[in-house]
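Each of the next two complexes has subunit A plus one more chain, namely subunit B in the first and subunit C in the second.
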Partner chain A sequence: MFFYYVRLALLSYRRNPVLSSLMVLAVAVGIGAYMVIFTMNYYMGGDPIPQKSEQLHHIQFDYGNPDIPNFEPPPQLTWLDATAMLEQTTAYPRTATSKFVAIIEPPGNEVRPFFVNGRGNSADFFSMFDVPFKYGSGWDRSADVNRDLVVVLSDELNERLFGGRDSTGETLVMHGMNFTVTGVMDRWQPAPKFYDVNNGSFDPVEEAYIPWELIISQELNRSGSTNCWQAPEGTGLQAFLNAECAWIQFWVELPDADARSDYSMLVDNYVAEQRSLGRMRMPVEQRLFNVNEWMIEQEVHPDETRILGALAGMLLAVCLLNTVGLLLSKFLGKAGEIGVRQALGAHRGSLFIQHLIEAGVIGAIGGVLGIGVAALGLEGIKVLIGSLMITEWMRLDLTVMALTIALAIVSTIIAGLYPIWRACNINPSVHLKSQ
Partner chain B sequence: MEFGPILRSLLRNKLGVLLIALQIAFTMTVTVNAVYIIDQRSERMARPSGLDEANIFHLSSVGYGNNFNESVVSTEDLALIKALPGVLDATVMNAIPVSGSGSSTGVGLEPDRPETSVQTAMYTADENVLNTLGLNLVAGRPFTSNDVRRGARDMDRTQSTAILTTALAERIFPGEGMQAIGRTIYNPGGGAIEIVGLVERLQTPWAESSFIEQSMIIPEVVNDGSTLYMVRTAPGERDRLMMEVEELLAAQGHERILRNNRSFEETRENSYRLDSVMATILYVVIGTLMFITAMGIVGLAVFSINRRRKQIGTRRALGATRPAILRYFLLENLLISGSGVVLGALLTLAFNMFLVQTFDMPRIDWFYAPVGMLVLIILGQLAALAPAAKASGIAPAMATRSV
Partner chain C sequence: MLKMTHISKVFRTDVVETHALRDFSLHVAEGEFVTVTGPSGCGKTTFLNIAGLLETASGGQYLLDGEDVSSLNDFQRARMRNQKIGFIFQSFNLMPDLNLFDNVDVPLRYRGVNAAERKVRVERALDAVGLLSRKKHLPAQLSGGQQQRVAIARALVGEPRFLLADEPTGNLDSNTAEGVMELLHEINNNGTTIIMVTHDVVLASRSARNIQILDGRIIDDRRAQPKAA
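Take a look at the complex of A and B:
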């Protein structure tokens, strides 16, 4: 019966192609536009590391000067506090991390020296953030302590330097020093780039990773946002390190609620101690944030896509209202046919199901076209955005495609309920008489 | 007029009317608010940076290896660049205006009183900065080579001179900004800064900052491994010189990398990319919505006319002229659109209140809603025109046919 009704629906489509196509178009455009914005919101406001977002935590200290009006406590850590937290966090995986820039001088004369964006991080960084490796691995904590000159490369950088072969154990010259490669990452691009949202939440990941302490001990060029609320006392690197300047991200992995309250106590004690030294005078409401809390606190989800979300919702509403109107015209236009079917003994129930399926078929065709509209829309937005941010996450996966078709069918059927009800309540005799 | 009969027939088809009215209301809500957002973004993007935007480009040089002497190389580079025909001037700076990255500090009337200090962008450059950027000096004097301090990152900064934007001077000395020449201000660290000049305008490196017009230039050249050259060219020569300068510097054979060779216009455009992306998406949304709504109006008008073919024929047979029929359907559409836009005006304001509350956007100007109402009424009339014209073409003989 189902397939018979589907065939009837297709026949009915062909009998009134302009009206039917108009409906399909309205559904496709409405659903397609909505799915474009939905996809963007889904990723930009979504969980970048669902398997671990509950465990990974960032620290927010009571930074700032209460005398400066409207001062928002900076979300990063100072060097003093980052090193102290590294030492005090013994029971859990943790990492201090910040960015640097350096020049790599490839051996030979074939490849000119070039500039890389790098990241300093502790040994635990790779396991904490589930970084996939193609070759080798990260380093262990002893390399952090010994300030070993080791490096993990991104897939692209390995391609560029070593032609993509397994380069573990080889050396490269960066910042004028010989680094030994311990591992090569596989493709990795969290979106949002949750572990460092201070320097572009949708920036590409860094290309070279080294033990974080090297940035200071080897005086690499720090990069990334730096926020000071008190001028350094004196000049030089050591004065800067001791100053109230925040430029380091600090993450700790706390396996469960007990660990969180345990660690929270440690942080609170540390703050109390620092306060007694005259620091950390700007009270904050919360000091430990898990990944999703941190994404909200740092307002990673752009206002733009949220506004567009509301507008796309209304666009969809207009398209559905349109569909209600068009379905109404279509079904009432079929009054004669419905009258004949009723006179031949069709129940209201079966008429109802027949038209439900007809609406569903229109929805399904609209949904399939909607996927095309959505894919086109996303490509268009990618072109507009260009290199402003990474856009590789902007794609329709199977879930989103299935969701698109489901949404199209369901909303078309809902839009069709009233027209169907009207169609089923046609008085057959009136229409039979006028034939 | 035919208001009475139109109203009565509309009341008999409440749902059809409601569907169109709601579509018009939603379309108006989206359109008006979207246009308002676009206007705000365009206003942001139109703010002048203060620079001679069309004729400036920048290029960075990053040295490596032990033989690289930054201060020697940068002096040589500047001399080479300035000797090229078509180059008007060049300077070294620490940051590019409206590029997204730079340095900021606080300055105030007293040392060590951060609570009284005013936020400002801090640019450093050599004495050629005003001419290179094309800034408009409105008081005081430009820098001289004696003002310029050269050295490493941690050199002594207890005394220096500065050129401020008038907006910054006005914030520090309310009401007497233009008399700021010769006065001294302080960095929170304690350095004293003598104001020697004021420029009309120079935006900060951050397009979205709350103090975008508050900038200060310190005559200082820091050797920190990376040198940023800003170059101003004669009109029309920029693109040619961008290539020539990079080739010339590369040919010097120093151990350094040249990167980020871009025109100022491109850098500025990148900073506002999100705004222009947003505007483009909104234009597409508005266009789509208008089209869909117009189609909806056409569809329902055709439907309602087809249902009333016999009535129309009867009216024609009883002496109604073609223009009278046309007028009837246009008036019917006007009534529907009218109720739609009234509802739309309410929805528009409600949605704007939501935007104001949720996203801290400013309230919509009063004239947006009336203009939106007018535009949608015109859209409705245009959409109804073709079906109404077709209706007026129905022959009086239709009254005698049975279907």
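Take a look at the complex of A and C:
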């Protein structure tokens, strides 16, 4: 009977094309608008590295200063602490990382020198974050220690400098120094950019990656947020490095709960040591955050999207309320047919199912149209905020499309419950005489 | 076959109570052709609706094929309608979106008959009313008389024992009405019990049994004398 009912639903659509199309439109607009916001929330609130999000941990120290009311612990580490944590002897992969900008001087005269956004990071960065490589690989820990002039390029920068060919082993001039290319990344754009949410959670990934220590030793131009709560004693780079200024993200990979416990102890010991030196005077509850904990702690998911989500939900509710009215009109208009069907042997249950399926068909058509509305909406959002953040992750994949249709069907069926109940409880004899 | 004993039907609103049937008792045997006449509002259609299980009586007992229908739930009443009763209406009540085949097919769908058997039975029913060649046509493409023939085919396709007709010729001209009546008599001759409500006393006089209703009561129950050989 299912396909029979679907056929009846399509015939019913054809009988009242304007009324039916109004319902489809109401569902499409409501679902489409909702799915635009849902898609944004889905990706913004999604797990950017699900295969490892439980193992990767960000360290946060409470540099609490009792003299400053409402002092919020900074999300980043100072140079002193990042260096100290790197020097801790553990088997766990870890990386200090921060941003820089530099000028690249391409070979020949065809391309003029240009700025790139770069990232200093430890050798473990690439394996910890499952960075995909098109050519070559990252560097090893000895390059960190030796401060080798090595670089990993993004696919785009490799295209720009070397025409997309395998450039491993070649050199490029950056910040006036010759760097050797060890690898070229494949396309990689985690959303949110979890490893550095302090400098644009949805910014594009950096174009060049070098050993983190080079930022200081070669005096590259740091970029990204810096939070100082105590003025440097003196001037110059060394005074800045020794100051209470946080500008470095620090991540460690802890494969299981035992490792987390083990590393927590190490961090606690370090903090105790620092407190004995007069630093880190506030008690803290948690210093290690896995990826998802860190996204929540740093409120990566903007409040605006929640507000928009609520608004879209209200719009969907309004559209569905309209659909309730339209369905009521449509189904009560079929009272004569319902009466005939009852006379011919249909019981209320079968009529109820027939009309549930009819509502579902309207929902399905509305859902398909809603995908188009959502796609248009997302394109509009990209135009609006495309200059503020990377938006290529905002797309309707198969999961979201299937969800759109499913939500449209379920919503319309729910909207149809009252009209269907009313229609199936009419007195058939009244309508049989007056048809 | 159909036995109503002291049936009453009361329609109530907040301010008024209408007695559509009062102390209504009737026994119709298998194979009878009964016409029901009476002025408008006398309770003819209410009687037909109760007989067809489309409405429930307010009181009394109704036995259909020996089964007390007052205890049946909606599902059981629907099944009994589907299996034992065929309906013919004054305004045909065909579904305008469905072609003739699909209109006639409806009762068999609710009975759960498989597609192959449905096809055979629907085509046979349409053939019986002379409209098989137009099975793909929509009702709007037919005349009133043809539409009523389709409605008769739909009523008969499930081979019910009991046919209820509510003014089946009311919307037809006299020639067409004559054709429909001939068809109904033919059906009755084949063993189907028919109860027909009509305003037309000439048609009523041609049935073997005529019941007159007034104010919800049977005031006359007359059987025609068998014709002399």
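Throughout what follows, the second predicted complex is superposed on the first by the 433 of 435 C-alpha atoms of A that agree within 3 Å, B and C clash if a C-alpha of one lies under 4 Å from a C-alpha of the other, contacts with A are read in each partner's own complex, and residues count from 1 in each chain.
In the analysis below, a residue touches a chain if its C-beta (ideal position, glycine included) is under 8 Å from a C-beta of that chain, and two chains touch if they have at least 3 such contacts.
These numbers come from a predicted model, not from an experiment.
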Quick one: is A:I381 in contact with subunit B, with subunit C, with both, or with neither? Answer first, second, both or neither. first
Please indicate which partner A:L19 is in contact with in the superposed arrangement: first for subunit B, second for subunit C, both, or neither. first
Return first, second, both or neither, reflecting whether A:P232 touches subunit B, subunit C, both chains, or no partner chain. first
Of subunit B and subunit C, the partner touching more residues of subunit A is B
Going by the contact rule set out at the top, does A:A312 touch subunit B (first), subunit C (second), both, or neither? first
Looking at the overlay, what does A:A257 touch: subunit B (first), subunit C (second), both, or neither? neither
Kindly classify A:G325 by the partners it touches after superposition: subunit B alone (first), subunit C alone (second), both, or neither? first
Quick check for you: in the superposed arrangement, does A:L398 touch first (subunit B), second (subunit C), both or neither? neither
In their shared complex, at which residues does subunit B touch subunit A? 15-16, 19-20, 22-23, 26-27, 29-30, 33-34, 37, 62, 64-66, 106, 114-115, 117, 154-156, 187-190, 224-226, 255, 257, 259, 270, 273-274, 276-278, 280-282, 284-285, 288-289, 292-293, 295-296, 299-300, 302-303, 306-307, 351, 354-355, 358-359, 402-403
List of subunit C residues in touch with subunit A within their complex: 45, 49, 52, 54-55, 74-75, 77-79, 81-83, 87, 89-91, 93, 95-98, 106-107, 109-111, 154, 158, 166
Any idea which subunit A residues touch subunit C in the complex? 1, 4, 11-12, 14-15, 336-337, 339-350, 427-429, 432-433, 435
Could you list, by residue number, the parts of subunit A that touch subunit B in their complex? 19, 22, 25-26, 29-30, 33, 65, 67-69, 103, 105, 112-115, 175-176, 221, 229-232, 235-237, 239, 302-304, 306-308, 310-312, 314-315, 317-319, 321-322, 324-326, 328-329, 332-333, 380-381, 384-388, 418, 434
